[in-house]
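Following are the structures in question.
Paired with subunit B in one complex and with subunit C in the other, subunit A is shared by the two complexes that follow.
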Partner chain A sequence: MIQILPFTMGGGLYGLSLTDIQEVVDDAPIHYLPGAPVGILGAINLHGRILPVVDLPAQFGHDVGPRAERMIVLSNAKSALVLAVDTVRSVLNVEAALAEVCRPVADQEGVAGLLDWKGETIRMLSLEVLWEDIRHLCEMSGG
Partner chain B sequence: MRIEISQKFIVGFIVVVGSVVLLNNIVPLVGIPDYLQQLVATLGALLVGLLFGWFFSKTFTSNIGIITTGAGRISNGDLSRKIRLQKRLAIDETEDLANSLNLVVDSLRNLVGQISTSALRVNESSQGLSSTAADMSAISHQVSGTIEQISKGAETQVAMVDKVLRVVKEMAMSIELVASSAQKLTVSAAETTDTARQGEAMAGAAIVNMKEVLEQVDTNSTQIVAFSEHVQKIGSIVDIITHIAQKTNLLALNATIEAARAGEAGHGFAIVADEISKLAESSGASASEITALIETTKAESVRAQQSTTRSLQVIDEGRESINIVSDAFQAILDRAENSQTKANSIKELSESQIGSAQDIVEAIEEISRVAEENAASSEEVSAVTEEQTFAMEGMTSSSLKLSQLADELLESVSRFQMGSERGSDVK
Partner chain C sequence: MDMSKYKSMFLSETEEHLRNMSALLVAVENDPADRDGIDALFRDAHSIKGMAASMGYTQMADLAHHLEDFLADFRKAGTIDPAAIDHLLQGTDLIEEVLAEIAADRPEPDVSAFMFAAPQAEDAPQNEHRLRLTLRENVVAPGARLLLLMGVFSEMGQIAAQRPSMEELKAGGAHRKIQFVLTGSLSRATIEEKVQCYPEVAELSFSDPGDERAPERRKQDRRQNSLASGTVRVDTVLLDRFINLTGELLTTRYALKTALKEQDLRELGEGLGQLEKLVGNLHSQVLKMRMMPVSTVTGRLPRVVRDLCRSNGKEIELKISGAGIELDRSILEEMSDPLMHLVRNAVDHGIERSGTVCIDVLRTRSHVQLRIEDDGRGMDPQLLRRRAREKGLIGERQAEVMRDADALQLICLPGFSTVDRVSETSGRGVGMDVVRSAVENLGGSLLIDAAPQAGTRITVTLPLSVAIIKILLFECAGKLLAMPLSRVIQTQLLSADKVLRRGKQRVFELKGETLPLLSLRKILGFSSPQGPTSLAVIVMELFGRRVGLVVDHFCGHQDVFVKKLPPPFDRLRGTGGGAVLGDGRVVFILDVQSLLEQQR
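And then the complex of A and B:
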């Protein structure tokens, strides 16, 4: 059994495994970074670490707009990343078998697969895919 | 020497008879043939008879002719001369007759003179009488006309007085109606006064009640404001609770994440975090409900405050209205009392008017009677005056006739020629 945290951003429903999340914060002030790319909102100071805040929909060229001040801090061995999201829902306990049968999707914008859950489709994000896509984008934009 | 005519006749007859006898005796003595004697005697007797007859008759007829002439003069009205007989030796009855006729002439002269004088006077008097009667007739005509006018005037007066009487009777009835109306008005005014007093008292009570209500509403308004402030405070507290719940929820989420990262060791911790998350969600839901209730309460209290404000305005208006009503009742009271006083005085006046009107009716009825009597009397006077006018006209015509009669008398008398001599001697 795995635990999934569903959340919304840019009108879409996304999901992340709890094992990929370090922390959820909601009141950290975002510091504006001059010269940052469009998808980077700024940086926050989390327990003494300076972490970049990414606006994924803006990053992938959709729906450039204000995000709620709720942020999900991703856990990564190399470098921590913060996603600015709209809302965070309650944690879902999903059977591992069900999670594994989630439909694979073409390698696209960090989404590893689609999970059907109670009439809704959750786009499951994969940190590896997401990280590769973001790095790819950054290289393309020269950042 | 006075010899009666009868004696003269006797003497004549005796002379004639004697001459006849004498002749009869004388003739045979004269020598006249027998056959002639008778004839001569007869002739002689006739001759003697003729002579005496002529003598006597001449004597008689001369005086009688004079007397006849004188009587004729008298009968023709000539009283200027007296009858004068020829002087004779033997005075007989003709002399007496002539004297008597002369006395008659004297008497006639006196009588005619007196008649003439009297007739002149009568004429003058009757003319004066006639003109006076004419004047009186004219005057009496005027009087008659005047009295007819008076009579008509009196009739008109009677009619007018009748009208006046009707009018005054109607007036008396009207006055009685006025009196009864004033009576009713007095009662109505008294009722109005009572009602207005009750109304005023009620308006006063209403004002007192209104003040109490106003105080109550003021208190309510203050309480609502205080309540509203309390609700605001509760709202802020609930906001804090909501915030705490959100924070708790986030903490529980992070705890769940930490538990998941801890793997199997964090399993129990994950259950606790889940429970905490549920509690936090429940707290948040309750806080939301409280917030919703507070919003409702706020809206209600705003409405209540608006209602109170409206109520205060309405009560103020009501107080003003009741003050106006109270003033109106006071005014009604004053006017009703005034009306009552006036109606009372009207009643008293009209009651005294009823008596006066009755007196007037009686007086006018008396006037009407008098006027009718006047009309009747003036008609009688008119009739009498007309009779008088007729009498005057009759008198005028009578005096005219009298004047004519006097004229005729004068004319008749003027036939007599009076001459200058009067009562002269009789020869």
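And then the complex of A and C:
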């Protein structure tokens, strides 16, 4: 059994393994970060830590519009990463076997595979690709 | 002779002796045949006597003399009894009180009554105390604190005529004062002493029947020790190094002068290199001088634990290791109360009947770790999760995905701990929010490890020295920003008619110098132009020349701890890091130069 946190952005359904998630933050105010590139919304105060918030829909090329301030904090050995998304759903318990037969996708950058679940398709995020994108974004801006 | 300049030295040295005595007394109480301990106590009392006498503080000198005499008998016997320890502890408390009066430039109180009082009998008669207690202004959740304090008082005796009542307190509301009658065997001094352990109490006044003395203010925050009194003791070795460094600086100055006169660029370069090295060295030596051992703040803890154990009937051993490790004094100053809180929590809520509280101080390359560990009942993450959920502190989804390790940190949320905590196994939330914010304001972190019935460990990681800077806060297009004050030459409000044009560039005059005006709105990419009223201008240096940076308005200044963003975000331009303000807002330190470089 593995646990998956499904969430939506730009009308699409995405998912992350619960083991990659540290926290879900509901409505933390986002503070202004001067000189932040498009793709970084600002920063939040997470228990005294200052963490930049990545605009995940913008990263995936979705229209930037008003959205609920839902944030997923990823746990990572390197540093924590905060992703702003549209909505977060309940945690799913998925048979490990089922999760493994994730369908591969070729055309969607940043998606590791597709998971069919009760008539819906969950796009499982590839954290490696996401990290690489964000690193690139910061380096481009930093020059 | 002018004694005033010796006064601060006297104050800090006396405090040091008192701290020693308090720790020694607790040690000797546990091992009454500790000859070395008794000898050391005697010496401390003797030193205080000598210093007080030479400063002309007769009451204190008499009191210290009395304690010295009192100790002399036990010194001969080689052992000491518990009643004597109590008397000595009260004596050191009294010296501390006298010291506080001296520090405040008030006359010494009369202490003769104490010296004629025999060590207190075991079963004292029942005393009735009418008490009034006021909390400090800035206490978080005052109602809950009062409830807790009433729990402490109820252990001392019978409570009656309490206003507001327990029910009223539980109902919530901003109660800051309470009055009640306490009947029990404890003396007024003992009650005062016990309440001393609770820094949230601003004032405890007695209006005992038959007591003619006016309600007395509780000594506000007795931490008038050498940390607060502003003096540092310096090793003479360090002073010698300063003298050597000063000598070298002088030599370098002459070398530079000569090189300048002879227009010898090579010599000038070398001289500057030398100067850089010396100044760097000087800086690190000065920092070293600010370092003090952790024992300056752990010294009083044995006494605190002893007193708490006395009042709640627990048997707790306090072990401290690594207290010789040094930290910047301003960090220690800020950690003093939080550390006390953590130890008190371990004693009050961690350990049920008997156990051990360990404080271990460890030094890593750039940090100092304080570990406060108890072998008590620990905490249950599931329970904490549920309680935080019930209190609406976290959402359902959040509770669902939260790991056990993170759930433990929930006790640091403001508003987590409440009344029913007293009787609940989950709780040790008293002031944990305050403790954590104190630690984080110093640039440190706090981590809680615990398991049900398996003890609790709190790890506080602190930087060796401070990175606290003064910042100027200002707003631009509704966004809050900051700049280190050290970068600001001056701030100015400029009326619109003082703005001149030179070609396309807006400029203004400052003391005969024409400076260009740069719009921060424009630099940050906000299009909306500013109103025609007066301009808030920060005069600063950019690319080696003075400019006026136009912002919307100033919002004062503050001391903050600046944190760098985690990688890869540390590569972003425009900021040198962020700081969390007292109200939880995050403000970033604006780096205008890097933004302009990028736009060039």
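Couple of notes before you dig in:
The criterion applied here is as follows: the second predicted complex is superposed on the first by the 130 of 143 C-alpha atoms of A that agree within 3 Å, B and C clash if a C-alpha of one lies under 4 Å from a C-alpha of the other, contacts with A are read in each partner's own complex, and residues count from 1 in each chain.
What we mean here is this: a contact is a pair of C-beta atoms (placed from the backbone, for glycine too) under 8 Å apart; a residue touches a chain by one contact, two chains touch by 3 or more.
Just so it is clear, the model here is predicted, and its values are computed rather than measured.
Once both complexes are superposed on subunit A, the partners subunit B and subunit C clash.
Looking at the shared chain after the overlay, A:S90 reaches both subunit B and subunit C. Measured by the number of subunit A residues touched, the leading partner among subunit B and subunit C is C.
With both structures placed on the common chain, the touch criterion links A:D26 to subunit B and to subunit C. Using the contact criterion defined above for the overlaid structures, shared-chain residue A:L18 touches subunit B and also reaches subunit C. On subunit A, the surface patch touched by subunit B in one complex and by subunit C in the other comprises residues 5, 18, 21-26, 88, 90-91. Residues 3, 5, 18-19, 21-26, 75, 88, 90-91 of subunit A touch subunit B in their complex. Across the complex, subunit A is touched by residues 395, 397-398, 400-403, 406, 409, 412, 436-437, 440, 445, 479-481, 524, 563, 565-569, 571-575, 577-580, 584-588, 590-591, 594-595, 598 of subunit C.
The part of subunit A that touches subunit C in the complex is made up of residues 5, 18, 21-26, 29, 31-37, 40, 43-45, 47-52, 78-80, 88, 90-91, 134-135, 138-139, 141-143. Put simply, subunit B touches subunit A in their complex at residues 246, 250, 253-254, 256-257, 260-261, 274, 277, 281.
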